[in-house]
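So, here's a batch of structures to check.
You will see chain A twice below: alongside chain B first, and alongside chain C after that.
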Partner chain A sequence: MARIRFKNVRHAYPPPKGQEPVYALKEINQVWEDGGAYALLGPSGCGKTTLLNIISGLLTPSEGEILFDGVDVTSQSIAARQIAQVFQFPVVYDTMTVYDNLAFPLRNRKMNESLVKERVEQIADMLDLTTSLKKRAANLTADGKQKISLGRGLVRSDVNAILFDEPLTVIDPHLKWQLRSKLKELHQQIGMTMIYVTHDQVEALTFADKVVVMYDGTVVQVGTPVELFNHPKHTFVGYFIGSPGMNVIPCTVDNGQPVFAKNPLPIAQPVNKDLSGKLEVGVRPEFIDFADEGIPVNIEKVEDLGRYQVLTLKHEQETIKMVLNEDQTIPSENPKIQFNPEQTRVYCDGWVVEEAAHD
Partner chain B sequence: MTKTQNNKAWWLVVPVLLLVAFNAFIPLLTVVNYAFQETFGNNIFFWEGTTWFEQVLRSSRFHDSLIRQLIFTGMILAIEVPLGIGVALTMPRKGPWVSVCLVLMALPLLIPWNVVGAMWNIFALPEIGLLGHTLNSWGIDYNFTRQPVSAWMTTVIMDVWHWTSLIVLLCYAGLSSIPDDYYQAAHIDGASRWAIFRYIQLPKMKRVLTIAILLRFMDSFMIYTEPFVLTGGGPGNTTTFLSIDLVKVALGQFDLGPAAAMSLIYFLVVLLICWAFYTIMMRNEEQ
Partner chain C sequence: MINPKKWLVPTLYILFLMLPIYGLLSMSFKSTNEILGGFSFFPQDFTLDNYKVIFTDPTWYNGYINSIIYVVINTLLSVTVALPAAYAFSRYRFLGDKHLFFWLLTNRMAPPAIFALPFFQLYSAIGFFDTHIAVAIAHCLFNIPLAVWILEGFMSGVPKELDETAYLDGYSFPRFFIRIFIPTIAAGVGVAMFFCFMYSWVELLLAKTLTSVEAKPIAATMTRTASSSGYELGLLAAAGSLTIIPGAVVIYFVRNYIAKGFALGRV
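Then we have the complex of A and B:
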């Protein structure tokens, strides 16, 4: 188990001939604590798998260092790093039994057979695989195979971290939930550092203590699920997390107050007056209410999702989404909306303009 | 809900049935017809029962060529399968060399069989052939037209040269279907090179390898053109394999009855071995 630290890690894949290299990872400086459950969340192509492969040693970064407990492992081999990895598609050794699969990493390290047995049985018990130990691995279902992949990581006691690369992609929805709770449970039981890559916000938010949101090769925010929801530091985080995502609408700033299409928007703390760059205001659909005074809107669409409704509103050319609880009603005439000042933020070139110290 | 019964679609199968009837079934029945009867021409036949079968099964000539055939097929399989796997493993997975290697590998397969025989015949001629002349100039007494061992070696090497590519290409296809994840997982599990081959590559190649071995078995068991052009079955009868022997009986001696009986026995042997091999391989799969 180890604390993982990235120092100025950058990575570019070899470019096609005659082209400048494009950095898949722009610059990563992070410290991930020992025993934490981290989720790397981001859209496809944001560099999260690249980062994962750098941790496991499948890739060597073009620049920068990666340290486990203060030891530079950048140039160490995969085996020397003691990392376990679970891949998107389950990897099992088809011809072996479940038992042999779980024993494989230990036998490769020349462990005593009686110790192997003890360890395999212990892990099989944790993963509910005891009854299928004698079965051939090829005959298991996808979730069973994925458990074996996971088990091969857990079986080694000297593992620094377990990496998951979208491990639930091929699992049936109802089993996904089970397996995810199992992972969470295992994390609490053995307290190993776990790093989980996904593009599914629900998976990330339910699995992790800390979610690392990545976008276009950089880490845009690291935080608990609540922090990410309440204080998105980047419009991407606001938009990516939450359903529907945060409203991001263009604005100007007048006297420290954002103004959207001539409507002043009250915010908790005035922002710095001289901002240059693309200015936007972000507010979550949950923090918009109907009011007597405010921005006049047209209601374009109402989607009833059971416990709440999602309204699509329009003011001039801008679309605004709003979430309405069951007990709230839609005004019949001239609807006007107001944003919750505490939850309205100004973003400059995508990044939040710090109005006050929070958390 | 009632289902409409309409069997008119079966008529669409008729062309295929006719085709199969004319190119497989009817010729086979003709052979069966000859195998149980004696004819002296003019379409006059006399019933002989199982006489021809008994004659063929008792003849030491048939036994000898069957044994030769089994040894030959065994030898080429023993060489081609490991060699083919080995070459497939060393071929590059990506990059510009992939297509170069594939084309080079495919080349021998594109050469007509009698041309292969003629090429090796000339190549191996003791006086003027590159191979034959070189061997003799090194002091190795080599003459495939006179020495049985030389003739056998040449035939086997010719077949290896001609057909190993088939196994290479099939194995290569099997290998390229293995996702990178498997190799990465194996590295993480600390697997040795041998363990990767034994537990990842070989199991993933199993299906294509089964097909490859079946194809090579059938083709080599029925080999005719190449040894016929190379050695003509000689020296003596030492490279007379089953097909060559069959043609000698049928067209050389015009013994249609025994030849037909021999054909049927030959056919059944091939069928039986293929079936047994395939069943064993697939039974393992299901365990």
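Then we have the complex of A and C:
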């Protein structure tokens, strides 16, 4: 158990000959509290796996330090860090039985065989592997193997953290849901730090207390699922979380108020007047309503998704999505929309512009 | 229902392949006079004398022992050296790795005759001439690259996460390599050993050049007997029949994995 802290961590993979190194991680300062359930969310190639491998010690960062409870472990060996890691694809020791696979991390730590047995049976029970304990691991199906990988990660109770690198990719959807709730349950039972990498927002939002959103080698926002939904700090967070994602449309700022194609947009608090950079306004499809006055739009498409409808609207060249409850009606003539001022934000170069005062 | 026509072509093909082997086998049960007398499909005067000579005359059975000794040394040596090399090629990127890997293959493209003379001179100079180890080392020239290629294919099929998991589970690299990694690619090791065995077993030129009496291989004994005391065709046929056996025995053990080696395009 430990509080894991990243201090100015940067990492670049060795570049091809004669090229400048490209940083897979650009300057990360981040604290993972002891006992937290974190989800690390981001698109493929944003550095999630690199970050995990740095925690577990499979990679040594190019710059910066990693502290476990204030102790610098940057140069410590993998085994000394006491981290369990589960990878995306099943990793089993083919030559051993399921039981031996699960017992392997414990035996390597010279644990008493009777304790090993107890622990392995407990984990096997949790993962429905009890009946196949005697089988050779090589003969299992892909999801069976992945359960072994998960089990091997969970079997030790003395680890500092368990890292999951998209562990449920190869698992059947119904089982996926079940395993995810088991992980969550286990987390509540033993309170171990868990970091769960995924690019599936549903997975992230159901598993974690705190979601860490990464984009292009940096952590763009850390927060609870509700915070991420209601207060996206970066256009990427708004776009990535929620379905459909946040509308991001170009704007100008006039007198502290955003203007979109000559339509002033009311917002709760005026923004700083002199902003330079690419200015955009972001509003979630859930916070757009039809109104008598507002931005005139054309309705391009209506998708009925049962409990709600997704409308694709067009104003000049910009596409805007909006969500309507099933009982709301679509105006038949000259539809006009309005954004909810409380939920409309101005973004400068991707980052949210805080009210008047600077962030 | 099995269509008899489907069996016709493979049967003919197998018969065609087996014909020379049958000829050899049937000759080995004939006396030399009968062989020279005329062709007969079955031995008219069945005899085991040829085999008796081989198993009692040291110049003959020593040939087999010598061959087996250097082939086994070579197989073990090649695979032992190739395992870490193949691991490096499969897991690490280093300067010139691809070129080096391809260069290994080019070693197999030169005919052994090119190396016969320099090897002969070198081994004579350091007193290795006519020893088993000399032949075993000489054969490494072809077999190590081959083993590296075969093993690299099998190793690259194992995800590198296996290595990482073992480290996380508390294994050091040497322990992981020996206790987990080698058992995981056991099939590949088997295939590599088979091919090393086979190439070393059939190679004649280097083996003959580097030995005279003490380590003379069976194949060399066979070529010499044909000319020394007249024709001993029956004896030669018996020796030939026995030479096929070790290869057949070894391939039996790796029969299930050979196809995988071919599928990887590495054999």
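The rule we apply is simple: the second predicted complex is superposed on the first by the 355 of 359 C-alpha atoms of A that agree within 3 Å, B and C clash if a C-alpha of one lies under 4 Å from a C-alpha of the other, contacts with A are read in each partner's own complex, and residues count from 1 in each chain.
Convention: contacts are C-beta pairs under 8 Å (C-beta built on N, C-alpha and C of every residue); 3 or more make two chains touch, one makes a residue touch a chain.
Only a predicted model underlies this, so the values are computations on that prediction, with no experimental measurement involved.
*Asks:* Kindly say whether there is room for both chain B and chain C on chain A in the superposition, answering fit or clash.
*Replies:* clash
*Asks:* Per the contact definition in the header, classify A:I190: touching chain B only (first), chain C only (second), both, or neither.
*Replies:* neither
*Asks:* Once chain A of both complexes is superposed, is A:L67 in touch with chain B (first), chain C (second), both, or neither?
*Replies:* neither
*Asks:* Contact-wise, after the overlay, does A:V259 reach chain B, chain C, both or neither (first, second, both, neither)?
*Replies:* It touches nothing on chain B or chain C.
*Asks:* Applying the touch criterion given at the start, work out whether A:A79 contacts chain B, chain C, both or neither, answering first, second, both or neither.
*Replies:* In the superposition, A:A79 contacts both chain B and chain C.
*Asks:* Have a look at where A:L275 lands relative to chain B and chain C in the superposition and call it first, second, both or neither.
*Replies:* It touches nothing on chain B or chain C.
*Asks:* Pick one for A:Y93: touches chain B only (first), chain C only (second), both, or neither.
*Replies:* It touches chain B and chain C both.
*Asks:* Applying the touch criterion given at the start, work out whether A:R136 contacts chain B, chain C, both or neither, answering first, second, both or neither.
*Replies:* After superposing on A, A:R136 lies in contact with chain B but is clear of chain C.
*Asks:* Regarding the shared-chain residue A:P105, is it in contact with chain B (first), chain C (second), both, or neither?
*Replies:* both
*Asks:* Going by the contact definition given at the top, which residues of chain A touch chain B in one complex and chain C in the other?
*Replies:* On chain A, the residues that contact chain B in one structure and chain C in the other are 56, 58, 78-79, 83-85, 87, 89, 91, 93-95, 104-105, 108-109, 149, 152.
*Asks:* Could you list, by residue number, the parts of chain B that touch chain A in their complex?
*Replies:* 179, 181-182, 184-185, 187-192, 195, 199-200, 203-204, 287
*Asks:* Quick check: in the complex, which residue numbers of chain C touch chain A?
*Replies:* Against chain A, the touching part of chain C is residues 93, 159, 161-162, 164-172, 180, 183-184, 186.
*Asks:* Would you mind writing out the residues of chain A in touch with chain C in their complex?
*Replies:* 14, 53, 56, 58, 78-79, 83-85, 87, 89, 91, 93-95, 104-105, 108-109, 149, 152
*Asks:* Provide the residue numbers of chain A that touch chain B in the complex, in ascending order.
*Replies:* 56, 58, 78-79, 83-85, 87-89, 91, 93-96, 104-105, 108-109, 136, 149, 152-153
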